[in-house]
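Structure, as structure tokens:
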Amino acid sequence: MSVQLAYLVAALCFLLALKGLSTPRFARAGNLLGAAGMALAVVTAFLHGAVHNGLWILLAIVLGTVVGVPAARSVKMTAIPQMVALFNGVGGAAAALVALAEFHDGGELLFRVATVLTVLIGAVSFSGSLVTFAKLQEIMTTRPVVLPAGRVLSIGIVVVSLGLAVAVLATSSTALLVALTVAGLLLGIAFVLPVGGADVPIAISLLNAFTGLAVAASGYVLANTLLIVAGTLVGASGTLLTRMMAQAMGRPLANILFGAFTATVAQAHSEEQRTVRSGTVEDVAILLGYAHSIVIVPGYGLAVAQAQHAARELVSLLEGRGITVSYGIHPVAGRMPGHMNVLLAEADVPYEQLKELDDVNPGMTSMDVALVVGANDVVNPGARDEPASPIYGMPIFDVDRARAVVFMKRSMRPGFAGIDNELLYNTKTTMLFGDAKDSLTKLLAAVKQL
Amino acid sequence: MSVQLAYLVAALCFLLALKGLSTPRFARAGNLLGAAGMALAVVTAFLHGAVHNGLWILLAIVLGTVVGVPAARSVKMTAIPQMVALFNGVGGAAAALVALAEFHDGGELLFRVATVLTVLIGAVSFSGSLVTFAKLQEIMTTRPVVLPAGRVLSIGIVVVSLGLAVAVLATSSTALLVALTVAGLLLGIAFVLPVGGADVPIAISLLNAFTGLAVAASGYVLANTLLIVAGTLVGASGTLLTRMMAQAMGRPLANILFGAFTATVAQAHSEEQRTVRSGTVEDVAILLGYAHSIVIVPGYGLAVAQAQHAARELVSLLEGRGITVSYGIHPVAGRMPGHMNVLLAEADVPYEQLKELDDVNPGMTSMDVALVVGANDVVNPGARDEPASPIYGMPIFDVDRARAVVFMKRSMRPGFAGIDNELLYNTKTTMLFGDAKDSLTKLLAAVKQL
Amino acid sequence: MRVGIPAETRPAERRVACVPDTVRTLLGAGLAVDVQSGAGTHAHAADAAYRAAGAQVVGHDPVGEVEVVLSVQPLEIAQARKLRQGDVTISLLSPSNELDLVRVLADRGVTSFSLDLLPRVTRAQGADALSSQALVAGYRAVLVAAERLPRFLPMFTTAAGTVPPAKVLVLGAGVAGLQAIATARRLGAVVEAYDVRAAAAEEVRSLGARFVELPLEAQSGVYAAEQSETFLERQRELIAERVAASDVVITTAAVPGRAAPVLVTTDMLKAMAPGSVVVDLAAESGGNCAGSVPGEEVWVGEVLVHGARNMPSGMPVHASKLYARNVANLLMMMAKDGVVEPDLTDEVLSGCCLTHAGEVRHEPTRGLL
Amino acid sequence: MRVGIPAETRPAERRVACVPDTVRTLLGAGLAVDVQSGAGTHAHAADAAYRAAGAQVVGHDPVGEVEVVLSVQPLEIAQARKLRQGDVTISLLSPSNELDLVRVLADRGVTSFSLDLLPRVTRAQGADALSSQALVAGYRAVLVAAERLPRFLPMFTTAAGTVPPAKVLVLGAGVAGLQAIATARRLGAVVEAYDVRAAAAEEVRSLGARFVELPLEAQSGVYAAEQSETFLERQRELIAERVAASDVVITTAAVPGRAAPVLVTTDMLKAMAPGSVVVDLAAESGGNCAGSVPGEEVWVGEVLVHGARNMPSGMPVHASKLYARNVANLLMMMAKDGVVEPDLTDEVLSGCCLTHAGEVRHEPTRGLL
Amino acid sequence: MIDLLTIFVLAAFVGFEVVSKVSTILHTPLMSGANAIHGVILVGAILITGAAESGVQVVLGLLAVFLATVNVVGGFVVTDRMLEMFKGHKR
Amino acid sequence: MIDLLTIFVLAAFVGFEVVSKVSTILHTPLMSGANAIHGVILVGAILITGAAESGVQVVLGLLAVFLATVNVVGGFVVTDRMLEMFKGHKR
């Protein structure tokens, strides 16, 4: 009874952990709570269940910790996604192993169904995760890999797996279960190979949900409520999360997973030589909401969008969060001298917030975010760096020296001078496409949500 | 198995019903889904469980429907709260009866605990609800009733109830259980009597949560998962809801329930001769968001708060929802001729939205909401109706003729003319206290949430 | 009864006391209206427009032939002599400057009303010509200053450098002062203001301007009371620094029935930046600024001091429109079925009634006579 | 090398080509500066201020004693005669009006630059005096109109009735036109505008004003090209109705090097409300409004037509500040280590170079000579 | 046992979560809707009456069926009436 | 049986509900956190190893324990590192 209670408490911890992780304010606390719940569950299981092999188990745990912690500690921020993939994979493998080890003749049908599911999904998750790891780590190509006759092959593996699964249910044969494991491993590989580089994180998220389901299924195998609850939580939230991630990238999930099989998408991929990073309103909101200093550089687009009021509001909201915000007013921003002054005065922006080139540029490197609202030429680094540029020599705001740059414009079209702006392709830059007023209004709502 | 599945589906319906009921958009659909789930559960129970007495059961159901539907249909909107209280009470009674009928000697401890809880809570809920009904229907006084030695009496009943409960657990005596029922009924009465008129709805909400818990407990009695899930859902959501309702009224829950026992509150009650209805930002947001036509009457407070920009934004948001909004500009609003014009022009409000007395007053009765932002004298009906008033004869906006009036001001203080405004006490009026800019900004966020 | 509108005769008066619109209002109340030909010329109200509205345009001064005379400026003494017992006249009459006229009006038993004396109560706001004309004056004061200032009011960041916004100081935040604040803010200036009345601080801020807090006692009440010379001395000392920092100063301080307080001295002017402009709306009642002359522009060092004279007259169309409506509103308080019969027990009418039935009813004026 | 700043001699010119601030810039580039005493008087820049900035104030015209001459207006012919081979002069010189002067400058081998000819390219914006002076002109045009208008620009709802906002029509939405739009909007007017250039529609809307769509072909390019008389005839027909509906019309239409197109006829003026005001910023180059005379105010019926003459001069402090910065920026493009040596292969410098080494380099002017 | 407890915990969490962001104006309809839902005790009442052995049980059970029915149908109908204001507005 | 299914349904609902309003920037940390949580399979691994009868079971079980531990500890640590950006900002 008390063991079950401990498990229940652990389940509750996980639940609250996920809840915490979905708001910036409580994300860290949530993660810690999850860890605490895990500790409780593991200690309980050990004290209560490690009747035999206690020392060995301890050793395995120590070994796992010795491998896991330094790996997680030392990984570079940029390599975190593949690390997550790896952790997910080993989780899936563990679930499959548990089911394999627990498999025995006879038992209820439910027991066998649960075992088959655990093994199959766990194996898919394991091998799939390894492939995603290889892709992100660039051990293999990041481009979608479509084997000759790839579609046929994939369908073949699926059919074989299903056949094996049914066979296991019917016969309870351990050999067939091992064969099913192998089929699952192949299925995982076949599943992830065709996914293109940029979409890999979404595949990881889906595999993560899979592992959750495998764990839930293993809970049925072991008749353990904790595993059911925790696995289901992860499975459900992971599925929704995957959909949301795909949505955030503006692509339907099916397209991402099976897109490589269709010609159109492959074409789109090859056309797009220079990549532009386009963010969502929420991304930008968090970038701004957690910054310490922000400079806003308005341009003609602010005027076209008549977004001056929205800009002022956003600024006062950010200032309310204790963030330093100023406007960088370029001498020739807009289409007439003083264009920005007229607009911002209309919106009642205090004059003290308006800064000139010389006030802003020296401190640009310490700016967390430069928010470029409908400006283009006046922040084009070509004017500073490329003597061949027709605007060479014009002073600009050096926003490319800020820690992050956000551009609000409607398209990739150039500004008045009609020339391309390298900064749009910079890795520091996030594009927020759309009418500036629209974007600012949405941003306002999003920052309020933080 | 299929019976259990039907119950599970019904539980899911209830869950989604509650979710639907918490957003305006899906509230109706939620309620219908709940009803559908209920139909499924009842039909299932009938088909599967009415082994004996089937016809009698059907008759009871028909009778209940014949009584319940017309009562719910014909009740006046203003009398709905007491109707809800009544329905809640009979639900509690039903739970108690089920437990009483099912009670038998022996059985596990858990069974007995569940029975005791069901009976006790059900009885409290029943009698408590009847008292709230009587209060709201004005069958009895709406003022807090504190019996002489009320506190002692209440504590006495609680002690007796607990004693009886323990005795039932120990002895499994039906007689004692009946005695416990009676004690529960008394407890319910003692619990609700001291609650004052305006706070009764909160007591109803709490009793509603109680009934939910009683049903959940009865689920343990009958080992029925559906009852457990549905009862718990209602119990949990009802508890939170009660807290939120108390918060919305700006009073701690304990104060509402037990306040009458303490002298201070009683005093506050007697001082407050004329009641003012103060709403929350969300109330007003829904009032505005679901209106068809709104007139905003700004006054000096708009200027003091410098809320012109916030007002303009709110208006464009509302217009985006297809609502007709105009500003009623009074000739002497503010403190200088044209004060409102200057402010609203600064916020770039189109001139076409500014309406004068003669444009607005004839259509006032068809306005869903008149939103008075920091104005006072210019909407004071005394200027129209009370020849003795120092401002008698000044033309005003007849906002008291609109369907609903919302006042944004910081306090009950009068305006320039220094005279009281009857409209603040009108039942049509909702006060939204606070600085106008603050309130408008919050309102903006709240309307966006709709 | 007939209402007469003589052409204004006082120099530089361009307004008119009744416009075609208000002719209609008067006709609606059963009155007839005689307008002297050319009365509306300066206010761009042609004789034809009056005729179209239903007035009779007469070639000569109607005074003496009508029972009610409406005018902007007080009547000439000669005109007043033509009035008969019980005739009614309404104008903007400041009695302390027109004692002779008041004597004639009283002697002839005329019932005369002055909008200068109108009580500032809620019910009388429709007739409050001081407010409506102060609105015009405050607005124009800023235009006049902006046009004469050799620099921009708003800020501009341009390829040829940045122009900082001009600083405008408004002294006296009554109706005219508040409107000046609003207009200067509209044009992008950085505005601050001071007034002795306690309520003014919030009012100034309600227009987005800064209120200059001085360590001086604030007054309560609708009007400012007269200040002692020591008070004013101290005020000048304290305000000097703000004046020096300003590009434009607009002064509107007044105390009803008294000479305007001197708030800006020659020394203070000299401390201002070259090219600065001062507009003294109180110039006619003595002036808030040393050396200001009504209707003239005086250079004090490199600072231009514009002494306002009849500022509203500079914008005759709208000034007349508002004034005419004020007068009509007052008249409507005493007209019924074509007869004008003032009920002098009414607080508003008795408050602004100067003479009636041979008596001077205005207490302070009686004191002066 | 020495840079000289003569006092401006042309009538009604109140600006100066170098202010104390830009003296410092020039000194920073290793140049010396001679300022004629009193050159800055109208712009409120005292001799002392120049001295404080490091200039030498001389009692006489420095032309002939210095290598570089900066001025607002073109030099007098007598002054030009004093220049020597290789001397540099910068001014706002419209060559078609000054053919005699151009001949003298060429004859004497002077290197002369006119800011009138400056290419409108990004890099040259710091020297773009046409823009900076148009900014001033557009702003002042509205102030002038507002001051002369007998009514309010903004809307007011008052106890004496409601005053509707004035309607302002701006014809030509170049730099001056856009600024006029912005200023009129600030003052609360309802503004609409028209221009032949296609890009103007968005620019007008970006200031919150309405663009008047006419069924006429729009032009592309930075400048408007000359329009045929039939085009203008049709334009006048179409715009007439908007003019009649306006209380203020501000015209700024120009085609570089040509007479300004006539957009408003006398008939159109007569259809306007009495008291309306037209400000014609193009008056000096022929006028957009029939009957406008530069520097004069003409009544056409009951409509006042203000013909602008040197509008920027009316605000000498800031007009000079901006102009001086433009000139200094241009000079900095050719100055190095105290020597002024224009590189005439540079697109900007060659674009605005009028004469050099005895030659007239400006194509159209060469055609006229 | 522990399963029922787990169900209880999860259901309670869902109950909290689902109403945690409800706006004030929906407080009363939500309360009323929840009120109708706890009328599910009707299921319990049917089951015990259907399996009743003694006459007392039948009487108690039938009374419970009747009362629970009133709770259910009245609850849903009255909630629907309250929610009429939210219907029919576009967007 | 039906209880376990009920638990599954409720837990799934909670899973959906809890992440339904997460902002984009938290997608990755949330995924990573969930990833750590499914490391709870460690509990299962411990239980089977503790009760293992055959050598094969022990080996499989110990391997599962090891892998699950990596998943758990790595998962929580890496999530915490990702979340460092949210710490310490005053409001």
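Letters A, B, C, D, E and F name the chains as they come in the text, with residue numbers starting at 1 for each one.
Throughout what follows, a residue touches a chain if its C-beta (ideal position, glycine included) is under 8 Å from a C-beta of that chain, and two chains touch if they have at least 3 such contacts.
According to UniProt, the chain labels map to these proteins: A, B = NAD(P) transhydrogenase subunit beta; C, D, E, F = proton-translocating NAD(P)(+) transhydrogenase.
Because the structure is predicted, anything quoted here is derived from the model rather than measured.
**Q** Going by the contact rule set out at the top, which chains touch both chain A and chain F?
**A** B, E
**Q** What is the chain whose Cα centre is as far as it gets from that of chain F?
**A** Most distant chain from chain F: C.
**Q** Same or different for chain E and chain F, when you check if over half of the residue numbers at their contact belong to both copies?
**A** Mostly the same residues form this interface, as more than half of the numbers used are common to both chains.
**Q** Taking each chain's centre as the mean of its Cα atoms, which chain lies farthest from chain D?
**A** So the chain farthest away from chain D turns out to be E.
**Q** Based only on mean CA positions, could you tell me how far chain A sits from chain D in angstrom?
**A** 56
**Q** CA centre of chain C versus CA centre of chain E: separation in Å?
**A** Computed value for the inter-centroid distance: 72 Å.
**Q** Distance-wise, how many Å sit between the C-alpha centres of chain E and chain F, to the nearest whole number?
**A** 35
**Q** How far is the middle of chain A from the middle of chain B, if each middle is the mean of its Cα atoms, in Å?
**A** Spacing between the chain centres: roughly 41 Å.
**Q** Provide the list of chain D residues touching at least two other chains, using ranges where the numbers run on.
**A** Expected reply: 125-126, 131-132, 135, 154, 156, 158-161, 163, 186, 188, 208.
**Q** Note the residues in chain E that touch 2 or more other chains, in rising order.
**A** As it turns out, chain E has residues touching two or more other chains at 1, 3-4, 6-7, 10-11, 13-14, 17-18.
**Q** Which residues of chain A are in contact with two or more other chains?
**A** 7, 15, 19, 225, 229, 306, 331-332, 337-338, 342, 345-346, 348
**Q** What is the complete set of touching chain pairs?
**A** Contacting pairs: A-B, A-C, A-D, A-E, A-F, B-C, B-D, B-E, B-F, C-D, E-F.
**Q** Given the complex with chain A, which residues does chain C contribute to the contact?
**A** Touch list, chain C to chain A: 154-165, 188, 190, 208.
**Q** Report the residues of chain D in contact with chain C in the complex, numbered from low to high.
**A** 43-44, 46, 125-126, 128-129, 131-132, 135-136, 139-140, 143-144, 146-147, 149-152, 154, 156, 158-161, 163, 183, 186-188, 273-275, 302, 314-318, 321-323, 325-326, 329
**Q** Provide the residue numbers of chain B that touch chain D in the complex, in ascending order.
**A** 329-332, 337-338, 340-342, 345, 348, 351, 354, 356
**Q** Mind listing the chain E positions that touch chain A in their complex?
**A** 1-3, 5-6, 9-10, 13, 17
**Q** Can you list the chain A residues touching chain E in their complex?
**A** Counting only chain A, the residues touching chain E are 1, 4-5, 7-8, 11-12, 15, 19, 225, 229.
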